[in-house]
Amino acid sequence: MALHNELIPQADAAQLSPEDFRKIGANEKQSEVIQRESLSAWRDSWERLLQNKLAVTAMIVMLIIIIMSIIGPMISNFDYQTNDLMNTNKAPNSVHWFGTDDLGRDMFVRTWMGARISLTVGLAAALIDLMIGVIYGGIMGYFGGRVDEIMNKFAEILYSVPYLLVTILLLVVFEPSMGTIILALTITGWINMSWIVRGEIIQLKNREYVLASRSMGAGSGRLLFRHLLPNAMGPIIVTLTLSVPNAIFSEAFLSYLGLGVQEPIASLGSMINASMSAWNLYPWRMLFPAILISLTMLAFNIFGDGLRDALDPKLKK
Amino acid sequence: MEPILEVKDLHVSFSVRGGEVKAVRGVNFTVGRGETIAIVGESGSGKSVTAQTIMRLIPSPPSMIKQGEIIFNGQNLLAKSNKDMEAVRGKDIGMIFQDPMTSLNPTIKVGKQITEGLIKHQNLSAADAKKRGVEMLKLVGIKNAEARFNQYPHEFSGGMRQRVMIAIALSCQPALLIADEPTTALDVTIQAQIISVMKDMQQRFGTSIIMITHDLGVVAGMADRVMVMYAGEVVETGTSMEIFKNPQHPYTRGLLRSLPRIDQRKDEPLVPIIGTPPDLIKPPIGCPFAARCDHAMSVCEKIDPAATHLSDTHMSRCWLLHPMAQEVTTS
Amino acid sequence: MLMVRYVASKFFYMLVSLFILISATFFLMKAIPGNPFMSEKAVPPQIRERLMEQYGLNKPVIEQYGQYLKNIAQGNFGISMKMQNKEVTELITDTFGASLKLGLIAIVVSVIVGVLLGLVAALYHRKLIDNIAMVLAVLGIAVPSFVIAAMLQFVFAQKAGWFHVSGFSGPLDYVLPVVALSAQPIAFIARLTRSSMLEVLHADYIKTARAKGLNWFTILFRHVVRNGILPVVTYLGPMTANIITGSVVIEQIFGIGGLGKVFVTSISNRDYTLIMGVTIFYGIILMLARFLTDIAYVFVDPRIKLNNGKEG
């Protein structure tokens, strides 16, 4: 065999010594180094979420709004329902930070009370949706077959009945209160969640680790709650986060029809509605609740999106 | 053989968050008319990037062609404008991809996807293009071609879709076909069919083929010459015979050892190559395979070996081929 | 044949949903304690009885239900309880035209602007224009339409004086209501289009198309846009619902005498026959929109399996 080396520019043959050709073998330590620290799936997602500045900002805004809706009404000397007819429609000043409304009630307190009501409605509706959705969707996905088919058909039919119309009807019939509003919002709200859960469970239940656990004799309950649901948690949390602003929005819309919470209690939606007639004269009466409701929607939506990106392993680089 | 394609000192990088991944680092090769050359290597070895760079299909940014030339039919493809490249793609060079399930547009009828290129490059009328399209479908072995022509991709199986891809790629009778892992996503029995369709078409049209694969079985059945890539470099090239019978580079030998053979004795184990390829953001200064190589010597970690030509066709880049290495091992 | 079965099954489900809505409406109204005329103290007993008879309220509930279904099948929603001698059907047909016109314009505007915005954002992914489009989209989703409407009215009608504050006479009067009504659907469609276009842009079949040597515009319109707008088609149903609910509020704000305004008035008047009539009418429109969306989707996406009446 004719051997001929090409010229080596960096080091010609003369500079090489036999020592250079001492055998060292594979450097296994070096080649087996794991290049990236391995993180648990949840911590990994959390770190990715923290890298998303927008989502972190949204999370902070969310927390501030929640905290203020709890303590906001307490740090003012006024309460939300006492009328003060000497001081109606006052612009924001050092006494009334957000001004007063047409009955002289302090807008700062009312705005945060309104946020409290709106958030309570949103969170409660979302949580009830979650509970019903997880149970219903879990059963559909886990048992499959005929059970799934029938339950799914039922959900589909219910879903195609326009939900706001049903909600409106319910509130026309039963006097609007926090309880009835939440109930009315959840009457079809859970269906979406149940479909998310169903889809996840169907995907997960044929995975090897679930089959392994089943082959070791794990019961349905254990499988569902220990293996399936925890792994379906990502999409469930994202759906939950995004359903809060939806409920808040629906409540605001109902308020506009006069089917929201009733005076003297107010939600952000009903305050905006009440200010609508004279808002060119007293813009602050609309401005503060409007900003707050928009900010809440914004924060929940952006945070939900960020959460989805962080939990979606497809985007992992 | 007259070369139809000549790749000279090609360097391609990708910019990523952590820096610049040097995916292809000085690749040279030629493809002769009617010849089949296989590029072999594991994922990340730069074989797909090389192929897509020939077609100028890799998006830039993030990719950058740092240096080199790709001479096709006497013209440097890297110097062409995007507009001029459109006239080359599909007409002079055809390409098929790894996953036939996703390579066809799901909402357009198969026939239209074949004739698209014909109408663009050969100015055929819709009717003539359809005739050619049906003919192509028949040539790649699809029965009921006329009826199939008007079906959507989801009505085809994976193997059938890959046949359609071949029909698309060869519809304008290009001089060169680049097949990027065309059988990886298919069942073994289907793989053999696809290979035989490609061979058949090659004979019919005299097409040159660049076959990218990590499956040495595919190589043995098809390639005239083999080029083994590792960490963005060509570590060994030779005729199929030379590579299979007389592999010189430890990496090539490792690849062959990790492949089961029919005549293998039961007690003879398959040997995997231990470890992972180096990080190409900071490629090693020495031989990139040194860290995984059983025969590594201290020089291997310091200096990247140059090409050693064992015959007119056989080249390997390994310090073991250096005269001094032989002295040391024999003494 | 498959197509016929698919359409028939979708239609059947639409009828079932509609039946549920009608029944729910009827029995919910019956669940109201007392009867609608109890509250009106001024009405003397004889007249109240006459009214009860006129509205069929003195018959057994099941009989009333049967009568109600029959009436609805004939397009008869009864007589308004609060607006004397006005038929509900007449009130609906009188006012629906204005709402329909406004709604259709809003739908068309939403789809065109939303798709364009999403497409441009996807093509300039992570560039300034993408960021601007997405900030607009997030704002459109976050700010309630009635807030947008009030602000538009304040800025462009009251302060700038470019438009009438309220009323509905010339084509210019459509501008503000349409903008307010389309803001949210535009935002949704833009986001939907963007993410779907991004997915398509990275799809393997786009690489195939490029490997054929097609020029970028051909690829964009024949391959990218066609596949990228598929999800938008599924959104057409929900969007109709969105625009109808939106119009209820928007009509009120801009003083447009459409069906939405009738609905709001009927709720605040507790005009039960009118509420029932408008609810069912809205229900029919929304379900029809969903039905048409389902049908349209089969035409744009050949992958849908028709045999089991479900999207595959």
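Each chain gets a letter, A, B and C, in the order it is written, and its residues are counted from 1.
The working rule: a residue touches a chain if its C-beta (ideal position, glycine included) is under 8 Å from a C-beta of that chain, and two chains touch if they have at least 3 such contacts.
Here the structure is a predicted model, which means the values were calculated and not measured.
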item	value
Most widely separated chain from subunit C, with each centre as the mean of CA atoms	B
Chain at the geometric heart of the assembly (C-alpha centres)	A
Euclidean distance of C-alpha centroids - subunit A vs subunit C, Å	25
Centre-of-Cα separation between subunit C and subunit B, whole angstrom	53
CA centroid of subunit A to CA centroid of subunit B, Å	46
Residues of subunit A whose C-beta touches two or more other chains	none
Subunit B-facing residues of subunit C, complex	203-205, 207-215, 218, 222-223, 226-227, 230, 300-303
Subunit C residues within the subunit A interface of the complex	13-14, 16-17, 20-21, 24-25, 28-29, 31-32, 138-139, 141-144, 146-147, 150, 154, 158, 241, 245, 248-249, 252-253, 264, 267-268, 270, 272, 275, 279, 282-283, 286-287, 290
Residue ranges of subunit B touching subunit C (in the complex, touch as defined)	55, 57, 83, 85-91, 94-95, 97, 99, 102-108, 113, 116-117, 120-121, 152, 154, 165, 168-169
Parts of subunit A lying in touch with subunit B, wherever the complex brings them together	1-8, 10-11, 13, 16, 18-28, 30-32, 35, 317
Interfacial residue positions of subunit B with respect to subunit A in the complex	16-17, 274-276, 279, 290-303, 306-311, 319, 321-325, 327-329
